[in-house]
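When the chains are written out, they are named A, B, C and D in that same order, and each has its own residue count from 1.
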Amino acid sequence: MSLFDHVLSLGDNALILGQQLSALTGHGPVLEEDIATANIALDLVGEARLWLSLAGEIEGAGRSEDDLAFLRDEIDFRNVLLVEQPNGDFADTMARQFLFDAWHEALLAALCASADPRIAGIAGKCRKEALYHLSHSAGWVIRLGDGTAFSHDRMQQAVRNLWPYTGELFEADAGGTALIGANAGDIRPLWRQRVADTLARAALEVPADRWMQGGGRRGIHSEHMGRLLAEMQHIPRSHPGARW
Amino acid sequence: EGDERRFQDRIDAGIRVEPEDWMPESYRRTLVRQISQHAHSEVVGMLPEGNWITRAPSLLRKATLLAKVQDEGGHGLYLYAAAETLGVSRDDLIDALHAGKAKYSSIFNYPTLTWADIGAIGWLVDGAAIINQIPLCRCSYGPYGRAMVRVCKEESFHQRQGYDIMTRLAQGSEAQRRMAQDALNRWWWPAVMMFGPPDGESVHSAQSAAWRIKLHSNDDLRQRFIDQTVPQAELIGLTIPDADLRWNEERGHYDIGPIDWEEFYSVVRGDGPCNRERLAARKSAWDRGAWVRDAAAAHAAKHAGEQK
Amino acid sequence: MSLFDHVLSLGDNALILGQQLSALTGHGPVLEEDIATANIALDLVGEARLWLSLAGEIEGAGRSEDDLAFLRDEIDFRNVLLVEQPNGDFADTMARQFLFDAWHEALLAALCASADPRIAGIAGKCRKEALYHLSHSAGWVIRLGDGTAFSHDRMQQAVRNLWPYTGELFEADAGGTALIGANAGDIRPLWRQRVADTLARAALEVPADRWMQGGGRRGIHSEHMGRLLAEMQHIPRSHPGARW
Amino acid sequence: EGDERRFQDRIDAGIRVEPEDWMPESYRRTLVRQISQHAHSEVVGMLPEGNWITRAPSLLRKATLLAKVQDEGGHGLYLYAAAETLGVSRDDLIDALHAGKAKYSSIFNYPTLTWADIGAIGWLVDGAAIINQIPLCRCSYGPYGRAMVRVCKEESFHQRQGYDIMTRLAQGSEAQRRMAQDALNRWWWPAVMMFGPPDGESVHSAQSAAWRIKLHSNDDLRQRFIDQTVPQAELIGLTIPDADLRWNEERGHYDIGPIDWEEFYSVVRGDGPCNRERLAARKSAWDRGAWVRDAAAAHAAKHAGEQK
C-alpha cells in the first residue's frame, strides 16, 4: 500500500462513518443524542476533508477532497468494512462506533509520532475529538449492556455481529508500519484492553475470534457500500464540473 | 386582581418576569404554548434539512449543514429548558406534539426536493424566523428572551450560509440556476406565510402585545421580510414568483400580490405535502428509542449510589 | 403540456413504479408473490421503454430511452406522486398498486383510440398486462381487507394514506384531452366505480376526498423521489458515455 | 430387502422412480435433502442478483435481470413441488432453511459489488450450475429429472446473457474493463468450488451414484467447467486469476492451481461474507409476510363455500 492509499484509507474511514451517522440526525432516541450524532458526524467529515486533501496533495494529480469523495468508484475506496455496516438500531450503531473509536483514537495517537509533519498534524488535531467519541460510545455500550435485560441482549448481539469486521482494523502491511512508526505494535493490545474493559463494565462477553472478514482496504467492500455511495455521490455525479 | 395589575405594571416598566415570579395562569399557558411550539419547530425542522446531509454536493457543504442541524437541536434544547421553567416537563411537551395537540411551524411540512432547497431554507425560512425572533429577545419572560438571544445569533449565521448557497447556484451552470429558481418558486410563498394570518384575522394578538410576548404585528414583520429579501433575490439574478410584486414609492415598501391563504390553512389543518411524514418520523424515532431511554434509566438507577 | 411531456409522463409512471417493485423481489411474503412482483415490474419497465423511446422520437433531439431514464434531473420527471410513494409494507404496496392499476388500465384503454397510431399501438400492447395487474392487486385488496382484523386495519390505513395522491391522476389539461380523444371523460368514473366495487368487496371504506396532493406532472415531486433516482441513476451517471 | 433389490434393478435398467413407487427411506431422505437444497438455492439466489435490479445501468438490462430473477423464483417453485412429491411440505422445508438446518449453495454467500457481478454470476455461476444439472435431467427420480429439464433450458439462456454482459464490459471503457476483471477475480474460485470437495473427500457419493442421483464425480464436472470457461475468458480478453493455469496437452485438459479449501469450508460453516445477511433477509421476508399469509388463509376460509 502506497502512502497515498494509506492516507486515503484514513480519510475514507472517517468519510464513510461520518456519512452513515449523517443519515441518523433527527432520528435518535433523545434530542441530546441527535445533537451528539450530528457533532460526531461533523468531526468525522472534518477529519475526512483533511486526510483526503492531503491524499490529493500526495498524489499530485490535482484531485481535490471533493473529487476523491464524490468521483471515485467503489473499488477505489480504502475504508474498512466495519464503517460501512448498516446503522441498524441504536445498539448496532453504538457497537460499531465503539469498536471503531477504540481503534481510531489509538491509531491517531500513534500517528502523532509520524515523521511526516502533515500526518502528525492532522492526527494531533483529530485525536482530541476521537477521545470524546470514544468516551461517548463506550458510555452507551456500558449503559445498554448494563441496562435492562432487553438492552443487554441487543448490545451483546450487536457486538457479536460486528466482531468479524474488527480483524481488518489490524491488517498489517509494510507501508503502514513505516508510516506510523514504532508505536504501531501498541495499537492492537490497547484496543483489546479497551474493548475488554468496557465490555466487562457493560456485563458483556468479548466474542471469540472466528473467521475475520476483510477486503475493504483493497477495495472489496460489502453490498451496503454501493447504495451508500449512490446516495452520497448522486448530485456531484449528475452535475459534472459544477461548483457548489 | 391586584397581582395581575402589579404584574402588568412591572411588564410595562420593562422589568422581566422570572420563573419564581407570580404570573397569571393565562400568561403561563400562552408562553408554554408559544415556547413549546417554537421548540417543536426546531426539532421537526431538523428533518427537512437532515434529508439532504447525506446528499450534500461537497464535503464543506456537508459539514456546514451538519453543524446547522446540530445547532437546531441545540435551539430545541434551550427552548424546552425555557418551557420547563414554567412548570411543564419536556416529555409531556413531546407527548403533546406526537398526539397532534401541539403545533410546530407549518413551513416544515414542505418537502426538500433539491440541494437548492437547503439554500432556500437558510435564506428564506431562517431569514423569516430571525425577523420573527429578534423582537422576542426583548420579550417579557426572562428565560425565553435569553434563549432567543443565543438562537438569533446562530440563525443569522445560518441565514448567511443559505444565501451563500443560493448565490453560488445562481451563478453556476444552467441546471444549477434552474434549481435555485425552482427552490425560490416553491419556498417564497410558504416563507411569506410564516408570519401568520393577516393582522385582522390573527387571534391572541392584543393580549400577547400587552404582555410583551408579541411585539409587532404579523403584517409588519411580513413587510420587513419582503423588503429585506426582494433586493437580495435581485442581486443574484433570481425572480420572486409574484407577478404583482412592485416597489411602492409612496409607502416606501414593496407591494405583493394576494396570498393564497387557502393553502396556508390546508397545511395547518394537516394536509400539507409532508405533515404525515414529519410527525410519523418524530414518533417513530421516539418509539424506536423507548428501549434505549429505558436502559439508560435502568443503568442510572442501578448505579445511583456509586455516583454520589 | 406538450405531446412530448405527455408521453414522458406515461413512461415515467411505468418506470418509477417498476423501479419501486424491483426493490421488492426476493422480499415478498410468499414465493408466488415474489414471482408476480418481478413479473409486474418487468411489464412496467417494458412499458416504460416503449413510451420513453417514443418520447425521444417525438422530441427529435436524439435522446434514447436510457438517456431519458438515467440522465434526467428530478424536476424533469413527469410521473404522478402516487407511484413514488414508498413500498411500505405489503398493504401499502398493494394499495398503491391497486389505485394505480385501476386508473392505468382505464387510461390505456382510452389511449387505444388515439389518433396517433404509435400511441394506440403501445396502449394496445400494454393494456392486456395492465388488466392482469389490476386483477392481481384488486385480489389482494380484497383478501387483506376481508381477511383478518389486523389485515383489514392495515389495508384501510394504507388506502387512507394514499388517497390524497389519487386526485393528481385526473388532473386535466388541454394537451391530454387532445391526445387521448373522446373517451378521456370516462376514465374518472370508471376508476371510481372500480375502486368503490373493490373496496366494497374488501369491506373497506372509500376515504372522503380532502385536499389532494399534486405536482408530480409538473416536476415537483416528494422527498422519496430523490433517493429513488440516486439509486437508479448512479451507475450510468458514474460512467458517462458508457454502453452496457 | 427384496424391495431394495427390485428398486435397484429398476434403476439399473434406467426405469424412473415415480412418487407412488416404493423407495428406500434413505433414497427419499437423500432426495429431499438434495432437491430442497437446490430449491433453497434458487430462492436465496434471488437476493444477490435482486441487489442490482434497482441499479441496472440500462432499461434493457434491468428488464432482463428482472426476467432472470423471476425465472429463479419459478425454479424454486418447480423444485419445492418436486420435493413435495416425496411427502414433505414446502413450509417445513422453509422452516428448516430458516432454522439453519437446511443448506443452500454457498456461492450465494458472496456479495454482488458491481454491475459486472451480474455478468459474472450468469456466466460463471449459472455456467457451473448447468454443468452440475444437465446430468440430473436423467436422474432416477422422475419429478426431479423433469423439473431439471425446464430449469436447464432457462439457465442456459441466463448463462448466455451473463457472458454477454461480461463481453460488453470487457470491450467497454477502461473502468468497465476493470470492473469485469475484478468480478472475474472474485467469482472465479467460488465458482470452481461450486462442484464441491475433491472426489476423495466427498461424502454420499458412492450411494448417490448407484441410485443415479449423482451421475458424475465432483472433479470431473469441475474439469468440464474449467475447460469450457477458460477459452471464453480468453476470447473477451479477461484473465483467469490463477497463475498456475495452463493447458495440459497430454491430458487434453486445463490444469489449475491449488484450491483454497479453507475458504470453502469457512463459508460452508457460516463465515462467508454474506451468510448472516442472506438468511436474515429470507427470515425477515417470511416473518414480515406472516400476517399477509394469515389474512389470505382467513379470507379463503371465509369464502370457501362460495368458491365450490
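By definition in this document, a residue touches a chain if its C-beta (ideal position, glycine included) is under 8 Å from a C-beta of that chain, and two chains touch if they have at least 3 such contacts.
Which chain is which protein? Per UniProt: A, C = Phenylacetate-CoA oxygenase subunit PaaI.
For clarity, every value in this text was computed on a predicted model and none was experimentally measured.
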{"item": "Higher-contact pair (C-beta pairs counted), A-D versus A-B", "value": "A-B"}
{"item": "Separation of mean Cα positions, subunit B and subunit A [Å, integer]", "value": "34"}
{"item": "Centre distance in Å when subunit A and subunit C are each reduced to the mean of their C-alpha atoms", "value": "41"}
{"item": "Rounded Å distance, subunit B centre to subunit D centre (Cα mean)", "value": "57"}
{"item": "Multi-chain contact residues (two or more partners), subunit D", "value": "55, 175"}
{"item": "For subunit C, residues contacting two or more additional chains", "value": "73, 226, 230-231, 234"}
{"item": "Listing of all chain pairs that touch each other, if any do", "value": "A-B, A-C, A-D, B-C, C-D"}
{"item": "Contacting residues of subunit D [partner subunit C, same complex]", "value": "43, 46-47, 50, 53-63, 66-67, 69-70, 73-74, 76-77, 80, 115, 165, 168-169, 172-173, 175-176, 281, 284-286, 288-296, 298-300, 302-303"}
{"item": "Residues of subunit A touching subunit B in the complex", "value": "15, 19, 22-23, 25-35, 38-39, 41-42, 45-46, 48-49, 52, 65-66, 69-70, 89-90, 142-144, 146-148, 150-151, 154, 231-232, 234-236, 239, 241-244"}
{"item": "Of all residues in subunit C, those that touch subunit A in their complex", "value": "73, 226-227, 229-231, 233-234, 237-238, 240"}
{"item": "Sites on subunit C touched by subunit B in the complex", "value": "73-75, 161, 164, 210-211, 213, 215, 220-223, 225-226, 230"}
{"item": "Complex contact set, residues of subunit D against subunit A", "value": "48, 51, 55, 111-114, 175, 178-179, 182, 186, 266, 269, 271, 273-274, 276-277"}
